[in-house]
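Before anything else, here is the set of structures, which you'll find just below.
There are two complexes below, and they share subunit A, which is joined by subunit B in the first and by subunit C in the second.
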Partner chain A sequence: MRKNLFKMVAAAVLAVSVLAVPAMADDPEVTITYWGWDSNYTWPMMEKYHELHPNVTFEPIATEWGDMLTKVQQALASGSELPTIIPMDRALIANWKQFDILEDLNEYGVDTSVYNQALIDAATTDDGRLIGLFSAACPAGIAYKRDLAKEYFGTDDPEELQAMFSTYDDYVTHGAEVAEASGGSVYLFHSGQAVAEWLYFASDVPNYEDGKINMTAKMEDVMGKLIALRDAGAVDTYQNGTPEGNATYAGKNHIFYPCPDWAITYYIEANDPDGSGNWGIIKAPVNYQHGGTAFGITTSATDEQKAAAYDYIHWCVSDQVGAEEARDVAGFITMDSTIATPEFCKRSDEEFFGGENISDLLYQEIAPNTVIPAPSAYDNDITSVRNDVAQQIMDDASMDLDTAVAAAIDELGQLVTDESVTIE
Partner chain B sequence: MKIKTACKTVFLVLMSVISLIPFYLMFSMSTFKSEMIFQGNPLIPSNYFIENLKTIFASNFVRSYLNSFIISVCAMFFSVLICSMAGYAMNVYQFRLKKVMNMFIMMTMMVPTQIGIIGYMIEMRNLRINNTLLPMIFVWLASGLGAYWMISFFKTSLPLELVESARIDGANELQIYFQIALPCIRPGILTLALLQFLWSWNSYMYPLVFVNKTENYTIPIFVKSLASAFRTDYGAQLAGLTLATIPVLIIFSFGAKSMIRGLTAGAVKG
Partner chain C sequence: MNNSLKKYRFFWPVVFLAPFVICFFLFNLYPILYSFYMSTLDWAGYNQKVYVGFKNFISIFTKDKLFWKSVLNTLKIGLSGFPIALVLGLIFAALLANTKRFKNALQTMNFLPYITTPVAIGMIFTFIFEQHIGIFNKLIVAMGGKAINFIGSAKYAPFVIAFMIIWRNTGYFMTMYLAGITSISEDLYEAAKIDGASNLQCFFRITIPLLRPVTTFLTITSLIYMFQMFDEANLLFTNQTSSTVGGPSQSCLTIVWNFYNQAFGSNPRMGYASAMACVLFVIIAIVSVIGLRLMNGKED
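Showing the complex of A and B:
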């Protein structure tokens, strides 16, 4: 009896194999080329997709985001081959729109109604072409160290801290108190650049309107708050993103860190692996999103490549398996509302945040309530100037707002050479 | 006098220490586990170097290293050969449009490489070699600076009477070039070889636009990708940087004397 059962199972397996192999062999072999950064996310995603679709092979080339435009521009000018898929940082998406090298994803039948509308708008050209799908919304809050919060504010409870830090002025007031209590050794924030980055993304001042760059208004909004925090002794002078600056995550001298959801994995947990249980997150005074990368398909790719590339991009965002993979390998939560249910968004690392329900905070409270200013082709230049001026403000304690704004306008003037644009 | 010498020595030692500290710290920090780099004293090496190396070797490092080595050695060898031949020809032979040629060589030095890169990419694409290492080698071969340098060196170091004597003795042109002319400009050749190696080893722009396959990665591209691949693994990043710097340091250490002799040759009128 057992022998017969074994034979039957073996026969069934063989039959399935015989039937399955020709079906897979019918799928055309496709190679998708890709230039881009963040190999911690893209490489595993491609591997997983290849596992499920063995006929699709990926050839990824690591290209830092700052080099992407240069590499593509040179390839375009020389008539060289472009990759099948191009990642587009949010700061540069308006520049990509100008190239006219990307497929309109609307033509692939994508249902944009299920996505975060602000991100769809950010990737849509004036004539309605959707040039990319963002892999994730990036809601951001303010992370804090519980031990330091308890020591200086008397509580590490997120709700109580939220009430204490509901306005920008609260940060200034409490920052001065912390500086005084610690004798100037403990700060609210580790880096002026990090603070400026947060304030920039949280600012509702549009960068560009009707042929003019609103540099004065934008910088007054961002740098004015930074200078107030600096003068209160609330901000240390580390440069953001440097190894030395990142080492402060595990230190005892800085309480708060502006924190988009991806920074939880990439910065907090990575730089402070022993800090489990000692972190919490509260909302910033204004809900905001920080970062995000859209993936588009080049028009020069073959039809087979385009079809496979679209299927891959769509799989990453709108397929249950792909979205789970993105969540599990990089902590990216899809912007597809049909998948991103509260259960799906439940992060596995809440224990790292003392059991706080950061998933609901980020994806149910913050993400739906953020506004993304319309991207402009000058965002990358403005970002670069913002970084420089923020560091100047931190290095020169006497630098006032007028000087900072003037320096920002002057520096931007050297980067923006388009005479049809005015900087005000 | 003694005080003056002592002051000079102290100053030189101080400058050397300031220059060497970043290199030392790079090596020392590469021996730490990432989380410990800024917690311990980075001046005293730790015991995590092998682990960091394992991380690096598990990536595309060896291939990138080999590619860079092939590119740099080929660029160095052929560039020196071509430039020295140009220098020899411009000094020893009389031919029409020699002055125009000389001016052309000078002009190529004044055009920034970035301007010519698109044309160069079109050329390589039409030759169907843009997905190989060759474009990253060829770009160093016709070096205006190298040719100009060799012309100057031959002018001051190779007496034409020597060439004439060799011809009378029955030597052919290749023999004269290899056995008589080249030894006369040895410091110049070594200097140019070193510079070509360093320039091609550190070149970022050409690999950036030409590398479209993982198997063609070079060290600068690999190093840049380290920051993304090992986002917070600074120990591994620094180990990669240390290994990337080693060939340059070795070559410079061995060739520093010749290089300085080559750079300063002709500076003092004899």
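Showing the complex of A and C:
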């Protein structure tokens, strides 16, 4: 009986391979070139795709996030070859639209109705061309350290803390209490730049409207809250994203960290590997998203490359196997609503957060209820100014809102030299 | 003229000079001339080129406050760093010239910063001057002072870069001066000693005057380097999440950083940036000529 079963299985395998081999042999060999960052995500995704489609080979070249736009500009100016696939950060997506080097993915028959509409809009040009697909939505909350929360707020329960921190004013009030109780050694946040970044993404003031950059309104919204927090003694003076700033994740002096879902892997778990069980997440007063990368196909690629590249990009986002791979290797949850069910979105690292159901919080409560302001070509300049002014606010305790806004407008005016744009 | 003479007068010189001349035209002269051409365009680097004449230059001289701010920043940082590095290089060279033991080891140690990659230097100086864990601030706090946000403050940040320049270039200047000192005849020192000159008098009356060609070379190359400064400032203020263009209040925005941001920023203006490069070219040429004239004039 066993022998017969073995023979049957062997015959079936042989039959499948006989049928499969000619089919694979018919597929043309394609090489896809890629420039980009985030090798933790893209390299394993490409390897997995290559396993399933051996005729498609990838040639990835690691390119820094900050150098990506420059590298492509230089290639265009010098007439050099562009890669097949280009990753585009959400902060720069409007600048990528200006290049006019990317395929319209609508022409590939992509069904945009299953994706997060705000992210589709962000990647769509004024004339309706979809230049990229975002690999994931990036819902964000506020992460906290349970031991410090218990010490200063009397509880580490996310629901109780959520009730305590439901408005921006709550952060100011409790920040002042923590500063007083700790003698000024413990802060709610480690960096003014990190707070400004959070407030910037949570602000519904559009950066740009009808030839005008809304710098005053945007900065009043962001810097006004930062100044209130600074004056309450709730914010420390670390620079965001520096090794020193990142080391505070494992320290005992800062309670809260603005936290998009990707920061769980890249910042919290990476910088505080011994902190398992000591972290929790609550919603910010306004639900927001932070980050995200769209993948597009260059028009200069060959037809075979374009077809294979589209299939790969679509596989990453809208194929069950691809989306699972993205979730498992990098914690990226697809924006495809037909796949991103509550069961699918279940993160494997909830134990790190004391067993809190952060998956439902991020992907069921926050993600569907966020507002994403329309991107503009000036977002990168505004971000640079935001970082600088936030640092100035933290460096000079006497800097008031009017001075901060004036500094921001002056600085942006020097960076944005396009005469058709006004800064108000 | 017979054939073999012609061969020696024309053929072989042309053959030997041709590789250099061709490379010079292709890789030096053509890019320079092309950048002058680009400076008359309104062009982002990827779109349609529009000829605008001297509009870019007029904007630089009449409207662009940031360009002149970047010129002042460059001068402030460079003039705070290079003269000190030159003096220290000279002093170290003079001391090392008379050192018998560990001369090579000391020479190598001093030269090491010059061959360290700028990326590593940026990281090292971030760690040294960081407000919370930086060694410099730890020292200040240990001595009873208050930690200073050197890198985040417009008041101090340019001087951190100046310090970086001193640290990096002193060893190189020292090596150049040391080479100069070894070429000074010992007879001069011996004659001066016989006449009763002290070591200090020998240094000021013999060493320094005879090192003038080295000083001229180092000063001119430092001035050119100063106007082309980019890495030092850029690396100190660039990270993935809190990058700023020009550091705190743009106080560390150098001319080349400003040019780079215009040429390859999120809204590139290749034509305008080329005009900036042309202005920078003229500034460097003028400063170099003035520097050479002043130094050679003194020598005459």
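Keep in mind that, in the parts below, the second predicted complex is superposed on the first by the 405 of 424 C-alpha atoms of A that agree within 3 Å, B and C clash if a C-alpha of one lies under 4 Å from a C-alpha of the other, contacts with A are read in each partner's own complex, and residues count from 1 in each chain.
Criterion: a residue touches a chain if its C-beta (ideal position, glycine included) is under 8 Å from a C-beta of that chain, and two chains touch if they have at least 3 such contacts.
A quick note: this is a predicted structure, and the numbers were derived from the prediction, not measured.
When both complexes are superposed on subunit A, subunit B and subunit C clash.
In the superposition on chain A, no contact is made by A:Gln320 with either subunit B or subunit C.
Using the contact criterion defined above for the overlaid structures, shared-chain residue A:Pro60 touches subunit B, although it does not reach subunit C. By the touch criterion stated above, A:Leu92 is placed in contact with subunit C alone, subunit B being left untouched. Within the superposed three-chain model, A:Ser185 lies out of touch with both subunit B and subunit C [touch as defined at top]. Ranking subunit B and subunit C by residues of subunit A touched puts C first.
Touch criterion met: A:Asp395 reaches subunit C, while subunit B stays clear of it.
Judged by the touch definition given at the top, the superposed model places A:Thr167 against neither subunit B nor subunit C.
Look at A:Thr341: by the touch rule set out above, it reaches neither subunit B nor subunit C.
Touch criterion met: A:Asp418 reaches subunit C, while subunit B stays clear of it.
In the superposition on chain A, contact is made by A:Thr70 with both subunit B and subunit C.
Among the options 109-117, 145-153, 235-243 or 253-261, the segment of subunit C that ends up inside subunit B in the superposed model is 109-117.
In the superposition on the C-alpha atoms of chain A, the part of subunit A touched by subunit B in one complex and by subunit C in the other spans residues 70, 74, 77, 243-244, 247.
Subunit A contributes residues 33, 35, 37-40, 59-64, 67, 70-71, 74-75, 77-81, 83, 243-244, 246-247, 250, 266-267, 270-271, 273-274 to its touches with subunit B in the complex. In the complex of the two chains, the subunit C residues touching subunit A come out as 44-47, 59, 64-66, 69, 126-127, 130-133, 149, 151-154, 238-250, 261-262, 264-270, 272.
Put simply, subunit B touches subunit A in their complex at residues 35, 37-39, 117-119, 121-122, 125, 130, 208-209, 211-214, 217, 221, 224-225, 227-229, 231-232, 234.
Subunit A meets subunit C in the complex at residues 65-66, 69-70, 73-74, 76-77, 92, 95, 98-101, 191, 193-194, 197, 237-244, 247, 377-381, 384-385, 387-388, 391-392, 394-395, 407, 411, 414-418.
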